[in-house]
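Below: one structure, written as structure tokens.
Letters are used for the chains, namely A, B, C, D, E and F, taken in the order the chains are written, and counting of residues starts over at 1 for each.
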Amino acid sequence: MSKKIENDPASASILVEALPYIKRFHHKKIMIKYGGHAMIDDEAMSFTARDTVLLKYVGMEPIVVHGGGPEITRSMNKMGKQPKFIKGLRVTDEETMEIVKMVLVGKINTNIVSKIGFHGGKGVGVSGKDSELILASKKAPHKILNIVTGEEEEIDLGLVGEISSLNTEIIEMFTDNDHIPVISPIGIDEKGDTLNLNADTVAGEIASEVMAEKLIILTDVPGLLKDPNDPNSLIKKIKIDEVDNLIEKEIITGGMIPKIETCVKAIEGGVKSVHIIDGRVKHSLLLEIFTTRGVGTMITK
Amino acid sequence: MSKKIENDPASASILVEALPYIKRFHHKKIMIKYGGHAMIDDEAMSFTARDTVLLKYVGMEPIVVHGGGPEITRSMNKMGKQPKFIKGLRVTDEETMEIVKMVLVGKINTNIVSKIGFHGGKGVGVSGKDSELILASKKAPHKILNIVTGEEEEIDLGLVGEISSLNTEIIEMFTDNDHIPVISPIGIDEKGDTLNLNADTVAGEIASEVMAEKLIILTDVPGLLKDPNDPNSLIKKIKIDEVDNLIEKEIITGGMIPKIETCVKAIEGGVKSVHIIDGRVKHSLLLEIFTTRGVGTMITK
Amino acid sequence: MSKKIENDPASASILVEALPYIKRFHHKKIMIKYGGHAMIDDEAMSFTARDTVLLKYVGMEPIVVHGGGPEITRSMNKMGKQPKFIKGLRVTDEETMEIVKMVLVGKINTNIVSKIGFHGGKGVGVSGKDSELILASKKAPHKILNIVTGEEEEIDLGLVGEISSLNTEIIEMFTDNDHIPVISPIGIDEKGDTLNLNADTVAGEIASEVMAEKLIILTDVPGLLKDPNDPNSLIKKIKIDEVDNLIEKEIITGGMIPKIETCVKAIEGGVKSVHIIDGRVKHSLLLEIFTTRGVGTMITK
Amino acid sequence: MSKKIENDPASASILVEALPYIKRFHHKKIMIKYGGHAMIDDEAMSFTARDTVLLKYVGMEPIVVHGGGPEITRSMNKMGKQPKFIKGLRVTDEETMEIVKMVLVGKINTNIVSKIGFHGGKGVGVSGKDSELILASKKAPHKILNIVTGEEEEIDLGLVGEISSLNTEIIEMFTDNDHIPVISPIGIDEKGDTLNLNADTVAGEIASEVMAEKLIILTDVPGLLKDPNDPNSLIKKIKIDEVDNLIEKEIITGGMIPKIETCVKAIEGGVKSVHIIDGRVKHSLLLEIFTTRGVGTMITK
Amino acid sequence: MSKKIENDPASASILVEALPYIKRFHHKKIMIKYGGHAMIDDEAMSFTARDTVLLKYVGMEPIVVHGGGPEITRSMNKMGKQPKFIKGLRVTDEETMEIVKMVLVGKINTNIVSKIGFHGGKGVGVSGKDSELILASKKAPHKILNIVTGEEEEIDLGLVGEISSLNTEIIEMFTDNDHIPVISPIGIDEKGDTLNLNADTVAGEIASEVMAEKLIILTDVPGLLKDPNDPNSLIKKIKIDEVDNLIEKEIITGGMIPKIETCVKAIEGGVKSVHIIDGRVKHSLLLEIFTTRGVGTMITK
Amino acid sequence: MSKKIENDPASASILVEALPYIKRFHHKKIMIKYGGHAMIDDEAMSFTARDTVLLKYVGMEPIVVHGGGPEITRSMNKMGKQPKFIKGLRVTDEETMEIVKMVLVGKINTNIVSKIGFHGGKGVGVSGKDSELILASKKAPHKILNIVTGEEEEIDLGLVGEISSLNTEIIEMFTDNDHIPVISPIGIDEKGDTLNLNADTVAGEIASEVMAEKLIILTDVPGLLKDPNDPNSLIKKIKIDEVDNLIEKEIITGGMIPKIETCVKAIEGGVKSVHIIDGRVKHSLLLEIFTTRGVGTMITK
């Protein structure tokens, strides 16, 4: 089932070179946001699961929050339901919410948990409803300008929520008992209704709450690029007080803006570093953690 | 949010009358199989959830295994997929398995967990994949006689499994930490693939494994009836060595046969009593536990 | 040994109605002052004991402090010793102290503990001497005006004490280990001598020290009455800052004054609510805890 | 408050000589039966209490069971009630039982606990009713021969019991938490009624149950004497299989017979040695434990 | 302070290939016998220490027993004392024993502990005297034939001992508390005197006692060789029942005989596999553990 | 193996007189600095070890730091190496350091540990390298005036260090697990090199860090003397603010100055009292602890 390490000291020395990182992150929580766009195929998911199990075995405490946008859209299409977005947020009526729940919790989460189990980890699926992990409230309607009438209109996003409070004791119970929690980004409101949440935000806020050392966001881009069309224009490192300037200069734009804001908030909440990396690249997770230079873009204080 | 107990001693004495049962089942595990046919509407599910929370608060350790057949069928129909059954077992191809998983784990399980949370309990959803709770293997093909050819034919049920082994430590971790586990009846095989399992069997085997005191099966019938058309013909109590006789006499027939066999196996596995009751009746769960005569049919050694 | 709950949902729903209270007081300490005048007969004591056991089984932490004035007086009379009171306080010479100790610790306390045991609880008798729970010092002599001489005279109350300090770790040890402590109100001074203490004060101060949620005083009146002769003039609720006014208006008078002052001190010490109720009424304890309106007089901040 | 050890090595060496015994009995339970006849005055009780506290501080686990016959008789006389004995057993009607309880639990027990507290130990009073420590049943009536009629007659001893079963978990809880339990020899029957028990028997059976290393019986004789009138005829050591012979030879007679039988039973129950010593002699307890030859009579296997 | 892993997936995949071994030996005890002849220089010792720390960080429980023969001989020479051996055993008079103790405990052990600490591990030095870890007794004198007289003579080896019993609780305390114990092979006899022990034997017997998974013996040969002069004649694997045959055939000879016998005894005592490897080769420890084929000679059941 | 306590109460009462001290120091840490000059012979060391074991058994937590100057000098002489001192500090080149380590850790420490074990204690040897207990740095060179040249010269003391920081968790682990740690005064610097430390300083700083109640320094003088030639001129008690005055008056001189300064620092660091006593006197340790007047010189706030 497993290949062998070449039987010569050169190969073994790679293990030894990982030692400083293994020490530095010993018993530290590592929050992994596994984005839907990084789940390109079953093999990629299997690789990410195995890397996560490795982190656990060498003494870290990985926690996974997953996304699933593309898969939700595929399922909606299959059921003949037209997805609708406003400024990147999925308008979520009750029927959509049911599909979101089924895809995230019933399909993607169980899939990741299976793969973690297959590679020898004790994965355990969690949603924001379990032990009321994520209490949320409905997001205020979006205000947009109707260019015909010139008036501001409110557009209700439906069952899209924002986090009110977190009860992470269940997460600590899992990490303290050798498990790897895999979290679906849905929340519960005070009436017991389900709300659709942004997975980056969930990962960031839980990372702060459990005092994670790192938040690693697995996406489908190499990181933050100066020129989005040039993968060689990667920005390796930014500090949170440089962010505003980068937004002004339109280097950070569009959907990257809320993502980066989540990162900034996580850092302000106590996470030591946030990393945006390309989750489609094999072992990018390990390369980020076990190498001096890391990969992707690192955001720090 | 809650009504009041009438302010006179007669009413309060009902609480005191529950005391012997509260004592008898103190710190005892109570396995509740919540059948799909008993989930008649949202209000009924809410009642069952609340009764379950009450059991937890008065010192018992309820564990829920849920079914979901009718809901799965509804979802398949919605997606234009025709359900197929052989001798009561759902033929489960890969596409069906995906739907089963999404409905059980993503919809019904999260729904029950939400309702438990709403009533003040710490529900937590679990599937057989979490921490590899249920290891299963594919069921052997069904052999049936082709009446045309006169030959025996094998019919493959697809991804239908039977339990190989259980790792219930995660369940004990939940009950020891004040949680109410809610279990979806799906298993994982050695390749990491998902298998569809019979919920009664899952409830029965986990009940034995965790040494539950009682297994209560919430169905849509009042219990075992001498005459299926006469609800007054309820058999209140049977011993497991009377079962064969009842099958011979065709009092236990059809789908009730495997259900009763599961009950017998649970009793043989150490569960003190099994109860088949009508889960659609308000508070039937409480009436079973807190009254001398109980409700439905009780099966014991 | 126990009656049954009627086998219909209406009866079971009473249990469910108790749920919000069971939740609210889960793992909370409930201090019960069981006054000597409320111990009208053996059956009444048995009822109170059983209600106390029920509180324990549904997850609360009851602690009992008992009185015993009438029984002490009876025993003194039997031994041909004349009880003597000054302003409601028993003058306690050494011989009286011996009788007080024997009656409280040897008779009433063991009696309550037996009844708790009989109803399935783990009662355990404690006096202020056990593990030096209550360190006390002799009360200063009472000063009264001799109306003949016109001079102030000091009257020594003898072995009557007031609490100097509490070592409640033994109480926490009991409640943490599933026991119901039953406390006799006697203290020990620095020379090792025994002192007679006021049971209300003991209940109030221990309630504060162990951060009890409620202090329930079981007496032989329905609560605080506007007109002591009219049981219908019950004051249902007062706030501690209304007390002075009520004393001025002579609604609170005589022996009720120190009792209410004890209640005020308990509230100031952190107890959420104090209740003066008629302990002679069957299940008054349960009705206080499990009903919206409660019974008797509630004192709060 | 304390005298000094002479400031020369000779004196200090006594401490060192105690070391082997301190080691041998480290964390071992030492059951001390403190007989009523050994409680000759307040000073003697204070000495015994202090020695007991010393045992605790040097690492042993002393447990005290006390008697109180002489004091009960004094109290009965004071209340004008005539004590009655049959073959050394007190005939115990309900009124006597009340007095027994009050004297044992309310007076002697609290007195010992106070003295232990005064010397710096955490004494805690326990009776057989606490946490149902001692379940007992009524002793069968005594059969005696009426020498007038020549017929056998039954004489009911009243509320005199024998031990049915012990729940010593409360005792272990105390010793595990640094307390010295002081036990009054009364039991509780299945109806919740109190029964008068023989203190030697209670000490012996609890000693077996908690696996005590030693049972030390503090009496008012120097031990077992060959000639009861000659204190120099002390038998220093007997083995349990010599007992029958000594009874036959009438060296063990009268009230000493049941006492010795209790010792034999304790040894058979696993106690390593039983010691009958003169509790009136200052520090006899320490001399027994910390010297090679010990004092009094030692009974072993 | 540490080099980097090459920033490409190929390099990272070596980590992943170690995963199966990390899993297999998770929380397993690995006994490492670090022989004196393998300690060729400071750098080699530093490498071995670092590899040991790595094992600890990835979840194993390494325990080190060290030798030190060459260093003892060097020190004796320096002090002008002539070492003397009989059949490979050092004749140990009192003066030699002092030197042995000083070199093993004071020099080599502290040196290894320092190096473990330098690489981030919590090393802790232990000798057989600590907490009486190794109780030993003097070895019987060696009998040899005097070829001149033709008579058997006894030659006393002096303070050379053999293990009587082990108290490994201190070892478990260290491994349970994140420490790496480093053990010097000296024992203590019942008079408190120190005895010189064979380090292989100490490693083997402690390995059995603590139920180690592996015993790895770091020597200065590549393993067991068919032809001692040909390093390519390495025997990769033998079973313990082949050993006698190999001795007979004189493939195992001389000092290798007792070494192999120690291995056999360890396997019989429950250790899963023993490995004789060349400790002078960089990372041989890691190559043994993290590769399929391992290095050196493996001995199993 | 042990003598007996005289079989009369007078002798036993000495034990009772120790009770107040046993109580006062219960579970308190007692740091014992066992100076090299107090180790006059094997019997003296054995006595000190036995007294230390007694302290442990009666409930205190002794910790030993030992010296060894005379023994180091003896060993150096034996190896033909000339010891060199500057102002009482041993100039420590690498070869000397090796000898220091071997003598302290390999000889004296193991010797004390053996003796503690022999008397029934669980001694465990520790050096500053174990679990990096003592991190140190090289002391700055000594500046002395060259009286010939009239210039200030720097004299390097070599591998003599001063404490940078302490990691005493290993010490607490030992005392919490019934062990008596015996500490050799060597430290480790950031490069992993060993440094020679002053044992008084090590004892004083660890005493502060672990919040010891007492620091007892066993020396070869009766304490601080007004007239060094008159043993009757002992100063029984000084307060730390009197020290400067005594130095000025030249009552504290020479090597006693740094010793007293260490004591002052320990008191300022939270140790309640420091005692300088004559460790050569039999049982001086016990006499200090168990007598009112103590022995030697006591230093307090």
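One rule holds for everything that comes next: a residue touches a chain if its C-beta (ideal position, glycine included) is under 8 Å from a C-beta of that chain, and two chains touch if they have at least 3 such contacts.
Because the structure is a prediction, the values reported are computed rather than measured.
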{"item": "Required minimum of steps from subunit B to subunit D, each step between chains that touch", "value": "2"}
{"item": "Chains touching both subunit C and subunit D, listed by label", "value": "none"}
{"item": "Relative orientation of copies subunit A and subunit F, as a Cα rotation angle in degrees, nearest 5", "value": "120"}
{"item": "Subunit B and subunit F, separation of their C-alpha mean positions in angstrom", "value": "70"}
{"item": "Subunit D-subunit E separation of Cα centroids, rounded to whole Å", "value": "57"}
{"item": "Distance between the centres, which are taken as Cα means, of subunit F and subunit D, whole angstrom", "value": "47"}
{"item": "Multi-chain contact sites of subunit D, meaning residues that touch two or more partners", "value": "none"}
{"item": "Chain contact graph, described as a line, ring, star, complete graph or other shape", "value": "ring"}
{"item": "Cyclic chain order when read starting with subunit D and heading to subunit F", "value": "D, F, E, A, B, C"}
{"item": "Contacting residues of subunit E [partner subunit F, same complex]", "value": "78-79, 98, 101-107, 109-110, 113-115, 117-118, 122-127, 129-132, 170, 173, 177, 179, 186, 188, 191-194"}
{"item": "Residues of subunit E that touch subunit A when the two form their complex", "value": "1-5, 7-9, 11-20, 22-23, 26, 50-51, 53-54, 57-59, 119-120, 281-283, 286-287, 290-293, 295"}
